[in-house]
Amino acid sequence: MFVKNCWYCAGWDYELSQGKHALLARRIANEPFVLYRKPDGSVVAMEDRCPHRQAALHLGQKEGDSLRCMYHGMKFGPDGRCTEIPGQDKIPPQACVRTFPVVEKDNWIWVWMGDPAKADPSLICFAVGPGDKNWNIKTSQVSVNANYRLEIANLMDLSHLTWIHRKTLGGTDAWTRRKTQYTKLPRGINSKFWMHSEPPPAFAQHLFPPGAVFDMSFDVDVTLPCNFVLHFQVYTSGTVTDGPSNGQLMLDTYTSQAVTPRDEDWVDYYYSWGTSVATDVPGMSDMLLEAINAAFLEDKAVLEAQYRNVKERPHVKQVGILLDAGPEKMLWLLDKFLAEEAEGGR
Amino acid sequence: MFVKNCWYCAGWDYELSQGKHALLARRIANEPFVLYRKPDGSVVAMEDRCPHRQAALHLGQKEGDSLRCMYHGMKFGPDGRCTEIPGQDKIPPQACVRTFPVVEKDNWIWVWMGDPAKADPSLICFAVGPGDKNWNIKTSQVSVNANYRLEIANLMDLSHLTWIHRKTLGGTDAWTRRKTQYTKLPRGINSKFWMHSEPPPAFAQHLFPPGAVFDMSFDVDVTLPCNFVLHFQVYTSGTVTDGPSNGQLMLDTYTSQAVTPRDEDWVDYYYSWGTSVATDVPGMSDMLLEAINAAFLEDKAVLEAQYRNVKERPHVKQVGILLDAGPEKMLWLLDKFLAEEAEGGR
Amino acid sequence: MFVKNCWYCAGWDYELSQGKHALLARRIANEPFVLYRKPDGSVVAMEDRCPHRQAALHLGQKEGDSLRCMYHGMKFGPDGRCTEIPGQDKIPPQACVRTFPVVEKDNWIWVWMGDPAKADPSLICFAVGPGDKNWNIKTSQVSVNANYRLEIANLMDLSHLTWIHRKTLGGTDAWTRRKTQYTKLPRGINSKFWMHSEPPPAFAQHLFPPGAVFDMSFDVDVTLPCNFVLHFQVYTSGTVTDGPSNGQLMLDTYTSQAVTPRDEDWVDYYYSWGTSVATDVPGMSDMLLEAINAAFLEDKAVLEAQYRNVKERPHVKQVGILLDAGPEKMLWLLDKFLAEEAEGGR
């Protein structure tokens, strides 16, 4: 079950060159398609299935704006219409391939899997990409053998940093004590909170003397389908015990994460992290990327084992805890969107 | 769905030695069996399943004309009848294994998967094997993860040489312009055509000056279940523009190909290519084999991706094109044979 | 289908250390659980599934007597009750995990998969473990992709040593000629027999001059679910032709084998072999282990191929032979226990 009327991230823009065979096979919400760039640089997303005998178009070849199926040579324009069938002059109108709206933003390629008439680019979530001159952003990706609902639950309860990520992103148990302020977004939830006088994340503790503490600000947007953007700032430890720190801003960072459901069983995770140019020091963004790469492998191990358990006993009665509040909010919103689409809405 | 009353190629004769453990496990039309040679050299094909507790007979051992199951020691004669049960004197009549008629011809081992009473060796298709003294034939094999119907469609429309095989067997787009003469065969279709003043196949173009052209004759038998035999000749470019070339025969070749359905999802492809001794030059048949080996890996990639698409959406409405005429003729014949067998005929 | 009310071997005691992450994920009778040792050394077996969101507990961490799930930090005592939920004080009573009775005996860890009230340690089968000071026992293990019923049939008809194990444990065909004395056990069958003036097993024949023969005694307990314990003795060849040898005891050995069904498709096989200290010579127990390691790989190949055949045609009519008497006795007993449990008995 997937929301179709939304923008899904299909990868980083640098994955798609002008090369003759630069055809990227992707699957989102269980729809296989192929991506390619036209000579003007714009991206086409086309169902990965020739209408003739279902050959895979990603094994084809680019010709100008068009894509040629290299089984029997049928050629398709960027609108999916067949423009050439070897051996005949007439082209039947049903010889066409479905195409999907595509937008590039923040160095991500976004594909709209639903009704093209509703593909409004302003619905794409805010993010900070590696091309932003004010930030020094590093990028990566990973695939996880789990349903994306488990990823949503993971991202909406950061208390798991205490446990799964105790050697990487964690380092304090303040997560369970924090006071979070939730705000509804049109397609998601914003949560904001402060941690005061807490040790830095485990991956950075070697940079400071033992016992060093800081104030840290978290400002997270989670939006449908499963995008996570965190503005994370570190301040010197101030005197205020509630609300914003009165310490000095030491490090200003953004991490932008798109968790795209490939199908019911896999997600493709495209993510980045980096500092503002103003607070950057050499090697800092590289360290952030190392830390998040390690952390996401920790998540992968836990989520894949969890998903095997869920698939084996899908109807086990589960026990709820207070920290489920965040995940439940976002999964409720997802179910609301799914229900509305099922009824023909949105 | 497989035609049972026909000869299927189970491999090359040289795969089956007189060695004690020379037992070849094969599966054709979803029936697993084991092949072995008796001391007189003739081949036995026996169900790969001991009637006692279903142990695999291909893990057994040859004893004279017989095969002994090496789990509990039951011995079976070449007719499949059990002749020894350790620990007892009486042998129940139901202690027997199904055997299949086998014929060796053109260095291929042919197995009849249907009613043994109908196993007429004269139904085996014509081919030119590596043992033929008049030809210098080289052999090979490959397995493809696709249903054999896709292979039939592939072999019955050679226009795909233009696209899939543009760097190997292709080299001209004359395939879509050719005039083919089709003739019914008792179990298939013969097609004949000429190409005049065309460049040679891509794999051979380095042998000639740029722009060199030739006349080429194609004479193809495709017969059920999925055998393809092509008599391919190259002539110096003549003056005639239709019908046989009046140039000089430069190269006379035969390629014989047997595409055996292992089950619904796999085919085992045994094939050869080579020149007549009269037109041979050293290295020529080796080059033909290299070219066809490379080409069949090109087909394998395309057919396997196509088959994944077909399995995912088996009921997609497909768009027909004029070049489907050949594939449709042969698939129609296959379906006719399947229907006749289902009604008890043939 | 598994008998639940019985002790299943879950592995060797040395597999489970006091290490922080010494958590052993096992599956028996299709129930996944995790094993760990408390500081006092006793072993806990706990369902491998957090009651919150089904995270795998074997990815958790030991804390004293307890196990902490490292996804959201819930902590469970050795009785399976949750004692800590981060972020809240109240712990709902349903926040608990199933635990299983565990006993260590003969260096094996035994787990009771059924009703804990019926978990009587005296039901554990007799065995001779590597910790027994009177024996020099070596241990090993292997996994086999087959249903455990095939293993029972294998172990209850040792005539297969003549065939499968002709190069290892076999070496004589006396197996089919032997007179076996069967005795019922409460949960299995004992069989006793002698072989007189027979060559030694193949793996030991190089130790003696050609033609050397011995008297050998076999005393086997096979008990449910699938335990096999053989007291195997070798004597100098005596003059008696029936009943016990009047030769001299040369070698006194025990092999203890536990074949644990992981699920319907896999068994985990924990086994040992070794000599009495009284009859030991350096290198002898090592050679016995080498022989049985090789033999069980022979069985693995045969049983896995047999199981593939059985899965493909589960309803094939099989042919019975006289040597099936042993397997049938034990499978009959297994079916009796299964039927009794299905009716709520035992």
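As written, the chains take the letters A, B and C, and residue 1 is the first residue of each chain.
Throughout what follows, a residue touches a chain if its C-beta (ideal position, glycine included) is under 8 Å from a C-beta of that chain, and two chains touch if they have at least 3 such contacts.
As the structure is a prediction and not an experimental result, all values here were calculated from the model.
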What's the fewest number of moves from chain B to chain C, given that each move must go to a chain touching the current one?
-> 1
Interface sides of chain A and chain C: same vs different residues, half threshold = different
Cα centre of chain A to Cα centre of chain C, whole Å, reads 48
Per-residue multi-chain contacts in chain A, two or more chains = none
Would you pull the chain A residues touching chain B in the complex into a rising list?
-> 32, 48-49, 51-56, 58-59, 68-74, 85-88, 92, 94-95
In the complex, the residues of chain C that touch chain B are 153, 157, 159-160, 162-164, 166, 173, 176, 301-302, 305-306, 308-310, 312-313, 316-323
